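To start, the structure under review is shown below, and the notes come after it.
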């Protein structure tokens, strides 16, 4: 088994406005996979399909080498899931919810659950309905981690949390992964948050997976370059041009955002009669934005 | 029944005018009430005559249809062609099972005709020559329904045998047929609000005679009911005492002596036992069950013996019919009654089993609860 | 797994169940209130008739209470899951059928609580009155009937609520429409078919539910605590 999650040709149609289109995705075993995308792009829907909560119209889903939905109980026994919104019983106390959850998972780590409770500052006697969003988020993470999962599926786990709690949550995840080599699928629209922790990144937009690549390649491969005298239709470029804007009123100079850049590609500009003026590294968020922009229908040339 | 028709009104008017001592212009309220009381029997008689006139008029409208005639014991059964076998089966079954063992001769039954029809096309039949008793049912009616109909018409004929005797008049029963539901008789007997009825159920035969109203009339009410029960009797039959509202209010308010005065006044006005029947703790259906028990117990010739003694007291007629002494008859009837006690939760076990099956089925349905919750 | 599920259901329902348990205990006692001794004058003397009248007056109260308890149990059973869109429940590593069965089982055990209270109340009530001859008290049979009435109404509602909201809505709407238009449809059919002149389908439908072999048959028996 090389993949913790493997989706192939996944399709699902909700209505005219939204559908998942032919999603093929692979989360390598032991990786932390950042699942990026704007709100409403289909991340949660894809995750729910992976966990057997929704039925795809077509395509195959394998999680931890097992088939969804046939092997769901076996799969779910090894998956720690933190949903995007707190889905736990509000009338229970923390201790009651932990006890209830533990009864369903055989490899439940009681000691670690207690340790995490202390570390995350959770009061076992506190009623869930009276807890803040941050506290509920911590509880969900505690539940997911204490079952010693082979795969953690975290759907916007830090959304709406304050920076301190966010850091606590991510630290706990990283500690667990460091200790167990578990795989993690973490979805978020907060790109900078994933930049530090992810090995792989998949980008969803409007129901389609528009990119899937190692984080390093994603970060290094996206550049903003300034070009003078660029050809009108650069058809034979060895990189992908994500966007192309005229720079500050100088008609001859353009700003390109390109993907798949390598230094050896400088020679292409000389051969095409253009001059490469400047190369700037983009951070993940800029790259993500440019990637989304490039995947959407072209707008008229911006000047 | 005399409805408010011009003919009926004329009869009533005639009865009023024919009454002795027509009311003078100025009378006290009490005198008026007494005068009206004397009119009641006359009114009843007028109604009876009107009813007889209606029956005669109906009989005049003979309907001539081809019919087959069957003889089953003393019964003459008329059927439309093709239904003879069904009639033989149903009427014959009822006769053999319920009546043949003790019913030897009945003047009315021998003369009356039973028109039996158990089919989809209902035919109306009447005759002016004899009384036609109709047992009619559509094809979808059950055999039990038809059998009940047969028992009812036989019972009507037999009641007419008794009608003009003191037995039939003073100790009127609702029917001469096996109780449709013995459990109902048990319920009625148990629910009688009378200490004599309760003592009877506890096994005192003398109390049974009291509760059945089979003892001499003198002081019967005092034996049948305690003072509080007499209050209840008045309260439940308040409409009968509407002419004495002040006394009624006093009685219902707890004045037991006033209750007794009211009852004495009411019962004293009508000396015949028939008019006191509403005070008998065991009602008409319970009394009918005793008559039925006596007939069945008496066996062959029981009906004839009953008719032969029908001019004596009701108790004497019952003793003659059953061939038992009063005490034995009461004891045996009580035994039969207690056996008729309904088993209140008889079907509960089956219901629980079936309920469990439903619950299991519903669990199976619930277990198919889909995990595809988002669409 | 079962114990926490039972605890969860108890936690969900306890606020609603406690008053119902109290009612189940108290109603049989209330039903014989004032029948224990001769009432003070001018109250009617206590005879079998009064007992039966009183018993008859209370008889519809018991099945109503049983149905209310059943419905409360069923709705509370799925209530939290419906509120949470079933996300948490579906993330648990148990087959769906087993999850539903565990929930059902928890409700069944909880149904015994009011039934036991009813049984106790009925026994106390029966012991507190001197019955006239010919009358009997039926605390055991009535408690069994009560328990199964709770269970059956619970199971029906539970099965309905186990479906999606859409399924439940379809079922309830279909029933409602049937009740609304069934009478008129019956009248129309009656003009053409003799069968429908004799049979009212709406009435027959509800009759079937409570009559022989119907799911609610247990409701149709005697509910008199004191009877002949």
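Going by the order they are written in, the chains are A, B and C; count residues from 1 in each one.
FYI, a residue touches a chain if its C-beta (ideal position, glycine included) is under 8 Å from a C-beta of that chain, and two chains touch if they have at least 3 such contacts.
The structure displayed is predicted, hence computed values, not measured ones.
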Reference subunit B; chain at largest CA-centroid distance: A
Which two chains share the largest set of C-beta contact pairs: B-C
Chain whose Cα centroid lies nearest the overall Cα centroid: C
Centroid spacing, where centroids are CA-atom means, of subunit A and subunit B in whole angstrom: 88
Separation of mean Cα positions, subunit C and subunit B [Å, integer]: 39
Separation of mean Cα positions, subunit C and subunit A [Å, integer]: 51
Residues of subunit C whose C-beta touches two or more other chains: 85-87, 90
In subunit A, residues with contacts to at least two other chains: 48, 52-53, 72
Residue numbers of subunit B (touch at least two other chains): 371, 373-375
Subunit B partner contacts - residues on subunit C that touch it in the complex: 41-42, 44-45, 47-50, 52, 85-87, 90, 96-101, 104, 132-136, 138, 141-142, 144-145, 148, 151-152, 155-156, 158-159, 162-164, 166, 198, 213, 215, 217-218, 221-222, 224, 227-228
Interfacial residue positions of subunit B with respect to subunit C in the complex: 140, 183, 186-187, 189-194, 198, 201-202, 226, 228-229, 231-232, 235, 252-254, 341-342, 344-345, 347-348, 351-352, 354-356, 358-359, 362-363, 365-371, 373-375
Touch list for subunit A against partner subunit C, complex: 48, 51-53, 72-77, 79, 81, 83, 85, 87-92, 96, 99-100, 103-105
Sites on subunit C touched by subunit A in the complex: 1, 3-5, 7-8, 11-12, 80, 84-88, 90-95
